[in-house]
Each structure stands twice: as structure tokens, then as C-alpha cells.
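We just call them A, B, C and D in the order they show up, numbering each chain from 1.
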């Protein structure tokens, strides 16, 4: 009887499309043949199976959270060598283990071993998260549970469904990469200045917070997890606090995180005041008027958008992400923003049951602005990590854009297209997590080797650090969405979504969406330009500083391994996107009740989101084609042995001679055309002062050029608010004059007024 | 059979590309009262370059030496998805028009990197300008393409062309706008006058040439060939999308031959048009290119809007 | 019942002992022991109450119900931990030459005196005695505020004395009116007993009680530190010795609020309206917002946290005023977590200002570098008091917010605005203090941070999960105050 | 009902009330400290008489005790202490210039009316005399506060504070035939301690700012110069 196998394949719900092509025909027979005449024992089996799956999946998820906690706690032992030694004396271990332990616990080895242990546990939690995610995506059902914490009448509700599972996947992959990368990176910190205990503890809490946010199923628990995430990451941002700029960034970050959290609380509050209870199930039942729903939506957008960093409330992001240790920046920029996206999706598509197309338009416009603004700001940054942070703003903008499209289609009654949009957004979130982690970790390596993040100090590193440069190149290619890499696939899907605009009736939308799609194209092109600049300035040309002249390939294998892992995934999912699409179909199914027809027609090598007639893309074929063409030309052109070798010669210097590194194009030179074309976007402060000398002061002795490019949001949005609060405080301060008679006067007047009030 | 045909057509594409530029040069010379080189001159140049031993700048890395192959094969792949003489090719399904744009981006990415690799001022200058122009051109192009794909409701090129073909001669204002937008974009992307001058010898005005200044031997050959391919690709796109008539819909020899004739005729005409315009118009300053391209974008937008409002209004 | 008497007798013995025995090296430790014994007694009392409900002493002089018993335990606990902290602290102050033997003697006996007054306020059943005890608390602490004898401390003490004295006098007028109203309906002797009044509250004359409540609110409100009657509070907190600030913030304000709530229960019983509640809400919201703004202008670290105390008392007053089970529950919880957190913070602040040799926040820097425990204690404490989860303050503020959303939705944005402003005000000052490079001459000191750790651990625990007996306790109190159980 | 229909006790009480109110007014307008203290002692004396009268006519003996305490505290001890301070600081000659004294006086009169207005609900529950007595005592409390607000000398503040106490005490005696004994004792104890503390404070303040002018104690404030 084939049932068990089929169940195993199709998970809990036999009406799902299978993810394995091989069993499809059998599955179809099962669905349409004798499905409803299924023998009784099938259902019994299924229920047992379900229980088992429930336990397994939830245990995996919990284990992931616990491991991240454990790694944090473990990090606290960094200074407790003696006590740990005493403790371990007690536990009985046989010979070999004992020797090994003693070896680990020697004065010299202990810190290193402990750090390794911490990161191993962290990686374990990442691994478990990945497994849990895959498991829940496979068994296409939601597992709920309750933890006996929280309020007496409101224990923590846990719900682990496909959406959470997918984001578990994202978090897990990133955490694994980071924990491979970590040990090599943290060696650089000396203990007394930057205690590892702090770093390890809050890293663990940070990861745990993110995972708990994904698990939360009631507003209270959600907010606790959310704030745990924010606060832990705040401590990580402030980790290198000797630098005032970092402190300022950390404060700004925490402040905006707080404001955002308050907005989210208020949003939940609006829902809760129409529902009974705070569990998400109760909130789903809340039926509120369009006005209140829109208020809730705006609040949620403000809150989650602030965390996700959409323009104009993105200001904390480029400040905070660069100053954290690189693997933390990778987590923040690559994963935490996704958690915010998760929150928005959960709030809008799950809790607010009926969406309105106006919300979609808001998301679309905001997303477009963020995408363009993000990449344009990124282009002007000389600091690599700042640049990457701004490009995160851009990618988040793209994600919001596509979410907006999904909402619009949803509200206009095209659930399938909505599914397409949602899928594109989630896929892009996934990809961005991959390549942004890759790039941030790469930046970490550069900082580690060159002790600077200023792109203008680098150059020519491709010869010094061949592996890093290659992996970084892959990152750049996928982020600037070139074919064969994952970034392209999600943007392709985004374009496909936008192209379905013809089904809409509303003329405004029909003309707005293509324009924003064109803006998306502009964004992609600008991103390509930006990352050409990045790679070219860092790795190509001549070294611009002594550090980069003497730079060496990083010797720690783990750091490179992490990069290799991520780069490999970028490429892999660029070639086999269908794997992710299949997983995402479950999410779409759960949220919108629709899946793509993708796997109806195609096998694993084709990607045809709407229908083969409308659009199709087969990365694998393209890859094969490129390989063939490359190989053939390569072989054909170099078959002649005496012209095969290339002759090296001096670079053409127009006959002047003395070509040196300072004659190269620099960052600001490269982006000068953009600066002139989009001049309005920035606050540009450009100063050239010359020192004249010689007779009549005619000839220039030296020229200094200073360029400062600033965000518009500061003077327009933030300084007014800060100023307002300060002046309000000064006004209020007036009442406390310090004279006791005035104080007596206050209580006298208060008394009189109150008496008058009550005797009315 | 289809696959074979597709490959053959791709090869044909690659083979004919130098001829087109040769023809273009020929027309230009005659229009400017110069003595024209033979139509086969480009082939001779390529052969000569391929035979030579390449000389590479001392600081160049593998990016510099491998880019030509990548660029060339990207162009070949692009050629394989654009219907030249026949529609509904299997290759067209593997990559639609958006992927086509992706291929161009791919080639451009590596060309720009190669320009930066040697570490001269010119290389950087060329890459910077190239990226600027292309990033401005991309939205305009996408607008034009959208107009087409929304009309044909597909992004698969050969299906779109087949759609235009089957519905016969329909006067679509959107197509007029889209075509002009695409032509302007094509001129910008292929580095022709007035945006860039392929024959210039003054480094400061160079864009495309500045990037490949250091190339020689087979590398230069590949790059040249790739740019000729690009020119032809745009030509074929414009020709086959807006006047698809004559393209083969079944694979009979007679139909194919007819299709070959048709496309060469269209391309020849386009080349004449291009050479006339290049003779009449002078190259413009770099920072007026943005106006030029935004005008292209405007045209594309008008095309889109007229499609939405005039043609498919509900 | 013996437990209750013990709770009162031990501190009394303490007063006499410290007053006459004089100061020795181990006086600090003796003080700790006294408080420890009292804590034990209170726990015993609490167990009694939990087992067999409200205790009413013979002659009805004392009443212990679920509302005040947990406050009693809290008082004893904080008294103990603060005593633990104050022993080395005061020694160090003495070594610095800021204090003399006589003043230490005064300090310890007045410490016990203050505790006695607190216990009396909480346990007594007689509104008049409650007033007497409250005034007694002022008198006990006023000399401690001026313990350092600096001009500022004397000025602060004077203001504290005069303002609280005048305020409390109004409370006495309110009490007299209450008594007057009570005399109308019954016998003179028991007419001030809260239990009696509560039982026949319906018969009391509502108009008189409203007027009486106004006087009570203004009177005890001065002690709570409600704006605009708050002016004494920051001065007294900032100028007195730090253990004093800890107990003032942690206990005195709570007990004043306790008195107000007891009276509110009577008034609500009499006037079947919500006048009292509305007044309290108004004062609470005003204090909350104004104090949040004041936070931005502080130079002195203890002043800063005393303003944050005002802000939190505002929240509690608001919540109690809103009434209703959820709000009341939240207010009780907030009372607890605020006392714990704030006293912990004052302990760390004491150490911090001691090692920096100043209370001026512009001159304290890089605590984490100098003495990581103190730095982290201060930082974590601030995070907790600013209302970040998983600390208990978040839980209570969250519940207050929910209650507001339910009954007065248009006030919720104000509340959130205040929380945001207050948070910014705290962190803009604290962050530079704990982080960054340290100035010269800022050296580690001998500090006992166990109280801080214990308090913060408790607050964390309350944030993660409220233990059953405590939840049950709160629910009982909520039932008593608001008349119905929380959800 | 008019005063002539009242019994003698009530008439006496009412006249006492009038006198107490008058003394408050006198204090409010008083610029010389010694006279201020004297008037305060007078008020204490009136209070004592009232208490004894009440104790006699309501034959509640515990009121005698409180009368005694009042006599000792408010007529003898506190005035003596204050006077001593004044003489020590030799401020017994200088006159505190009160700004717009008449306005303060009118305000005081207004307060008296206001307290009647506030307390009028009590009428329904009891006789008008209660209302009058309570109203007078309330106005004494308010006038005491007004005194503290309008005077700059710490001594004057103490006098005001104590006169507030007097008002409360009067209310307790007249309206409610005295509070329960324990409360009475407690209050008296507090007053005593307060008086002692005031003594200590005068000493401290003098040593710190060598004057008793409270306006010069304004180091702690939130206003930025």
C-alpha cells in the first residue's frame, strides 16, 4: 500500500501539490482518483503522523532558540576559567576526554576554546533553525503550542507555520554562516578592551529574539521578543563604544527602535480593542471598520518600516549597521530587516484579513522611494559598510514595492497574482539575506586585513586576496541582479508581477505600476553601477594606500568558508530557483490560499510563474549556453601555441610616464556624473581650495578637495523634532523656579481650583 | 530540428554582425564623400587581431584577460534568444526580453570592471560614463519593452513577435512612441553618435573606446565583435518587433530564405537611416546625454500611457 | 496577629537601640539584621494573610488585607536590601569625612524610624493614625535629607519639610471632613476606622467626601510627587544620602499612593461616580508628561532618576484612577517593579557617584571601563526602568496601555508619546555615562552589588512570568480595590 | 436660624470662630515678626479657650487634655522658641515690607467667602453653625497658606504653618467634638517634633546663608539663566 510514502511526501494535507516531480502522477491519481474514498486507517495514520511531526518540528524550533540562549550564557564563562575547571573536575569522564578537557582548560588555550565552543553552539542553533524551517515547510501545516510564561491569564502562545518556517530558514542560514565566520573574526579583539562575554551574550540573545519573534502568536509575546531583539542588537551596536560616533549611532538606533515598537504596540492595541484577547487568533477575528483598519495598517507600517529602514525613517540604519562588528552587521542588515518584513507580512496579510488597494499603493510608493533613495545614497558613500547598509535600504524598498503589488492584486481579487507578488518579495528577502551577509562578511575580512573601510584607501586587492575577491565578486554580481545569480531571479519575478498590471481596471494603478517598474529598472541599473564602483575601487587597479599594498589573504579558513557557503548558495539558487519557489508556494498557500501554476507545467529547470505563454526563464539552459560559448571561444582563440601566451607591457600613459595610483579614478570621481545628474537628491557640500605661490601667485602649489554628501532626512525631519522636544523641556523647566513661596503658591492655587471644580 | 535551427540562426547572427557594421561604415563613407573600405573589412580586421599575440597591461588581473570571453558569450547568448529569421524558437523560451536586458547588463558589468582593472584614468572614466549612460537608458528601454509586452501580454520575444504578426497591420500610437524610444536607447547603448563616437581618437571624449583602450589581439577582437553583435541585436529587435513581416513562421526552406532576405533588407535600411543621422548630427556633451535619455524615457512613458488609455482602456 | 505587632515593634526597638547605643563599626550590619528580622516577620504575616484572609486586629486598630500585606513585604524587602547597600556606603562616606559619628547614629535610628512610619501607614486601620504616621515619615527623613549639612541639602530639606508639612496638613483637613461625615452616621470612636467606613461607605455624604478627597489628594499627592506639587521631590532625592533616596523613591511614594487609593475606595463607595478617578487620571497624566520632559534637562544623576520616579508615580496614579480590574492589576504590578528597579538604580547611582566623586553627569564617564559591574548595573537598570522587555516594567506599562486603549483610546497616544520622550531623556544622559573613555582619577571602589542583582533578577522574573502566588495576590488586591478580578 | 435663637455655647463658639478668623487676618497683614508671633500666641490662646469651653459644655474630659497640650505647645513653647530666634538674629526691629498688602487682604476676604461657598453642601447634613465653624477653620487654613506665600521670613513661614495647624485643630474641636484621642495625641506629638525641628533648621539655615530669608534659598531649580 503506497499511502505512507505518499503521505510522507505530501505531508499533512494530501490536497497539496507535491514538491517532488517524480511522484506527481501518483499524487494526482490519489487526489482525483480515490481520495475521498480513502480507507479509515489512512486518517488514523495521518493523525498519528501529524502528532509526531508536531512534536518533532516544534522541538527543533525550541532547540534552535535554546541553543542560541545557551551560546550567550556560555560566553559569560570567558573569565571563569578556574570555576569551570573546578566544576569539570567533578563530572566523571573517561581518560581521553579528561586529557582533552585539561588541555582545553589550560590558561593559554581556554579563551580560544571557549570562543570556538560558543560559536559552535550558535551554529548548532542556526542549523536547527534551518532544519525546523524545512520541516515545517514540508509538512504544510501550522503547529501551535503554549509556554507557561507571561501573564497569568495570557501564557505565551507559539505558532510555527510556513511563513515563520521560511524566515527560520533565512535566519538559520545566516546564523550558520556567521558562526563559521565568527571565531576567526573575534580574535582581533583584545579581551580587556572589548570583552568577549558581552559580544557573545548579546549575540545569543539577539538571535534568540529574532527566532522568538517568528514563533510568537500573541501580541504580548511578540512585543517581548521584538524588543529583546532590538535591545540585544543595541548592545552589539554599542560594543565598540570608545568611538563617539558609535555611541551616537547606538543611541539613535535604540531611540528609533523604541519609537517603532511603540507604534507597533499601538497598532496591536487598535486591533485588540476590537477583539477579545491578545492572541493572534483573537486579533484575526477582530472586525474593524476601514478607517480603524487603515489606522492599524499605518501604525504597523510605521513600526515595522522603521525597523526595516524605509526612507525617510531609515536614518538609524546607515549609522548603526556599520559600527557593529562585521558579523553582527551581517546579521542586522541581512536578517533583522527581514524579521521586520515578516512582521509587516504577518500583520497585513494574516492579522488584517481584508487588505485595501490604497495600502498597496502606499507600500508601492514608499518602496519605490526607498529603493531609489537607498541606492543613490549608497553610491555616494566612501565607507564600505555604510554603502552596504544603504543598499539594504534599497533592497528593502524593492521588497516593499513588490509587497505593495501583491496587496493591490489581492484587493482587486487576483489572488494568484497576489501570490506571485508575495512570492517575489519573499524570494528577494531570502536572496538579500544571502548576498548581503556575503558582502558584509567580506567587508569584515577587508577591515580585518586592511584596518580601514574607506574604499578610497583600497585598490589592487584582487592580486593580494584572490579568494576573497572572487567571493566578493559573486556577491556584487548577485546584488546587482545579473543573470545566473539569485538576485536576478527575484527581480525578474518582480518585473513579471508588475507586468500583470493589464488585468487591473483602475487607470491610476495601470499607469502607476509601470512607472514604478521603470523605477525598479533604474534602481537595478544604478545598483550595478554602484557595485561596479565597489568592486573596481576595492579590488582592481593599483593599491591606493600602504595597507592595501601589503594586504594578505586572510589566513583563517573559517572566515573564507563562510563566504564560500554563502556565495555557493547565491549561485545555486540563481540556477535552481524552483526549489525555493516550491517552498514559497506553501507560504502563499497559507496566507493567500493560492499557489503558482509554476510546477504544473515545468520540470525543475523551468521557471514560468504565470504561464509558459506569458514568460519563462531557464537559468540552467542559460548557464549551459554561456559555458558552451565561453569554452568554445576560449579553446578556439588560444589553440595557436605561439600566440597563446600573453605579453605583459607597461600601461599606456599618453607618453607622459610616471603613471601612479593617484591618477586612477577615485570613488567620488566615478560617481561624479551621477552626482551631477541627480544633484537634488543629496545635500552636497563640495569645496576646492588652492594654495597659490610663485610670482603673482599664479601657479598652484597644492589643491585640497573636500566633498561631503548628506542625507536630506536629517535637517528636514529629525532635527526639528529634537529641537521641539528640547524647547518644550525648557518651557516646562520654567515652572521650577527654586523659590519655595512660588511652590506654595502652586499647591495653594491647585487646591483652590480643585475645590472649585468639585463644588461645581 | 528546432534546436538545430536555433543554433544555426545564432551562428548566422554572429557571422552577419561584422557585415552589418561594415555596411554601416560603407554607407557613412559614401555619405561623407570618402572612399569606402570593402564590406568585408571588419572580417579582415577581426582575423588579423585574432592572429596577433595580445599585449596586456602589467597591472591587469584575470578580470581583464577573461572579460572579453564573458562579454562575447553573453552577446552570443543574447543573440540566441532574439528571433532573426524565424519565430517560436525553443531558445526564446529559455530567456525572455527581461533576461535579454540582463545579458546586456552582464556584459556591461564586466566591460566596466575591465576598464577599471588596469588602473588608468581613462579606463575609470570610460567605465563611469558607460555605467551612467546605461543606467539612464535602462528604464527608457524597459518602458518601450513594457509597451510591447503589455500589448502582446507576454515577455517571450518570439511569442510577442508572433502576436504582432498575427494581428496584422494595426496602427498603434503606442508602438510609434515605443519604437522611437527604443531607437534612441539603441543609439545610446551601442555607443553611436550623438552619444558616443566609435571612431574618435581623443581620449577625453571617449566612452566605449576609453574602456577598451588597453585591449589588443584576440581580446580586442572579441570585444569588437561583441559590440558589433550588440549593434545588430538592437537592429534586429527594432526591425522584428515593429515590422515583423516576412519573418518565417514555419521552418520550410523557402520561408526561411524569405525571412533571411526580409531581415537583411530591414537591417540595411536601418543602417542607412543610422548613417544618415550620424552624418547629420554632431556628438553632444556628456551631460546633455541625460536630457537625451530622459526624452527617450518620456517617449516610452507616452507609449505606455497611450497603450493604457487609448488602446486597452476599460 | 503577633506578626503584625512584631513588624511594628522591631523597628521601634531599632530606633531606641541606635539612638542610645551609639555608633560602632558593625552598626551597619546590625541595621541589616534588624531589617532582616522584620522581613522575616512580614513574611510570616503574609503567610498568615494568604492562608486565612484579611486579618483585623482586636480593637480594629490594625487591618492587614491582601492589598497592604504585599506592600508590607515589599517595604521590608527593599528596606533590607537598601540597608545591605547602605552599610559599606555610609562607612565610605564617613571615611571621606562627609559624616560624623553623631550623624551616623542619627542616620541609623532615623532609618528605623522611617521604616516604622512606613509599616504604621500600611498596617493601621485608622485614617487619623495613617495621617500621623505619614507626617512621622516626613519628620523622620527630613533630618536625613540635610545630613550632609551643605547649603543645598539644607535648602532641600527645608523645602521638603515645609511643602510636605503644608500638604499633609491639608490631608488632615480631609481626614477631619471624613471623620465629620462619618460622625453623622455612627459612633464617634470607630468613625475613623477604615474597615468601618468601607463597610458603610454608601451611607456617607458624597459631597463632603468629594471635598475631603480633594484635600486628601492634594495632601498625600504632595508626597506622591504629583505635578505641580512635586517640587520638593527632586531636591530631597538629590541632596540626601543615596540610601535615603532609594527608600524615599521605593517606599514613601508608594505608601502615599496607597493612602490615596484607600481613600479613593471610600469615596467611590460613597459617590457612585468616578470623580476621584478622573482627578487622579488628570494628575497622573500631567505628572507623567511633565516629568518626562524634565528628564531632558537634568545635570545631576540622582535628580534625573527622581524625575523618573515622578513619571512612574504618574503612571500608577493614572492607572489607579482609571480603575477597572486590568488597570488596577497593572498599577499594582507597576508599583512593585518600579520600587524594585528604582531602588536598585539608586544603589548603583550611589556607587557611581561615589567612584566618580560627583553627581554631575557631565563629569561621570566610562563607568563600564572603570568598574564594569556598576556600569552594567546602571545600564541594565535604566533599560529596565525605561520599559524594555523582558523586564517587568514593560509588562505593567503594556497592561496600562491596553486598559487605556479599552476605556480611553484617545489617551493612549499621549501615554506612548510620554514613554518615548522619557526614554530619550533617560538614555541621552545615561549612555555617555556608562560608555566611552573614563576621566583620570575615576577609580574602582568597594561596592556591594548584590542588592542590585537581586532586584533586577526579580524584575526580570516578573517580566517573564508572574509566579502564581503573586498573581493570586495581585488578583485578590485587584478584587478588593476595583471590585472584580482581572480577566 | 439666627444667632439669638442659639444657646449660649453656640454663641460663644461662633464668636470664638470670629476671633480666630480675625487673628488670622491680623497675622496676614503683619510685617513685624514679634507682633506676628504675639498674634499667633493669641490665636493659640483662643483655641485653648474654645477647647476648654467645648470640654466643659460637652463634658468630654479628654478635650481638657488637648486644651492643655494646645496651651503648652502653641501659646508657650512655640512662641517662646520663635521669639528667641528672632532676638538671636536681632530681626526684632526690621519690618518686612509686604508687597501690595491691601490686595492680599482682599484676597484673604475672598478666601473666606470662597470657603463658605465650598462647604455649603454640608448645610443639608447639619446645622448652619457647623458650616460656619468649618468654613472659618478652612479659611484659617487657607489664610495660613496665604501668609506663607506672602511673607519671606522663615519665622513667618513657621507661624503660617502652625496657624494652619490651628485651623485644623479648631475644625476638629468645633465640628466633630474633637478627634479620637489617639489621633489627637499623635497630631500633638507631630507638632511638637515639628517645632523642635524648626528650631534645628533655623540654626542650620542661619549657619548656611546667615539669614532667614527663604527667597535666598533658590540654588536648586530647573530654570537656565
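Following the convention adopted for this analysis, a contact is a pair of C-beta atoms (placed from the backbone, for glycine too) under 8 Å apart; a residue touches a chain by one contact, two chains touch by 3 or more.
Being a predicted model, the structure only gives us computed values, none of them experimental.
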| item | value |
| --- | --- |
| Labels of chains that are neighbours to chain A and to chain B | none |
| Centroid-based (C-alpha) most distant chain relative to chain B | D |
| Approximate Å spacing (C-alpha centroids) for the pair chain A, chain C | 44 |
| Distance between the centres, which are taken as Cα means, of chain D and chain C, whole angstrom | 31 |
| Chain centre separation (chain B, chain C; CA means) in Å | 79 |
| Centroid spacing, where centroids are CA-atom means, of chain A and chain D in whole angstrom | 71 |
| Chain D: positions in contact with at least two other chains | 118, 121, 145, 148, 157, 214, 217-220, 222, 224 |
| Touching two or more other chains - residues of chain C | 158-159, 162, 166, 170, 211, 294, 297 |
| Residue list for chain A, restricted to those that touch at least two other chains | 730, 733, 735-736, 740, 744, 747, 751, 755, 759 |
| Interchain pairs in contact, sorted by label | A-B, A-C, A-D, C-D |
| Partner chain A, residues of chain B touching it in the complex | 50-59, 61-63, 65, 69-70, 72-74, 76-77, 80, 91, 93-96, 98-99, 101-103, 105-106, 108-109, 112-113, 115-121, 123-125, 127-129, 131-132, 134-143, 146, 149-150, 153-156, 159, 203, 213-214, 217-218, 221-222, 286-287, 290, 297, 300-301, 304-305, 308-309, 312-314 |
| List of chain C residues in touch with chain D within their complex | 126, 128-129, 131-132, 135-136, 139, 142-143, 146, 149-152, 154-159, 161-162, 165-166, 169-170, 172-173, 176-177, 179-181, 183-184, 188-189, 191-192, 205, 207-208, 211, 234-235, 238-239, 294, 297 |
| In the complex with chain B, residue positions of chain A that touch it | 459-460, 462-463, 477, 480-484, 488, 492, 495-496, 499, 501-502, 505, 507, 510-511, 514-515, 517-519, 521-522, 524-526, 528-529, 532-533, 535-537, 539-542, 612-618, 621-622, 625-626, 629-630, 633-634, 637-638, 640, 642-643, 645-654, 659, 661, 663-665, 669-674, 676-677 |
| Contacting residues of chain A [partner chain D, same complex] | 730, 733-741, 744-745, 747-748, 751-752, 755-756, 759 |
| Contact footprint of chain A on chain C as seen in their complex | 158-159, 162-163, 166-167, 170, 210-211, 213-215, 217-218, 222, 228-229, 231-232, 275, 279, 290, 293-294, 296-297, 368, 372, 383, 386, 388-390, 394-395, 398-399, 401-402, 405-406, 409, 412-413, 416, 419-421, 423-425, 427-428, 431-432, 435-437, 463-466, 468, 471, 475, 486-487 |
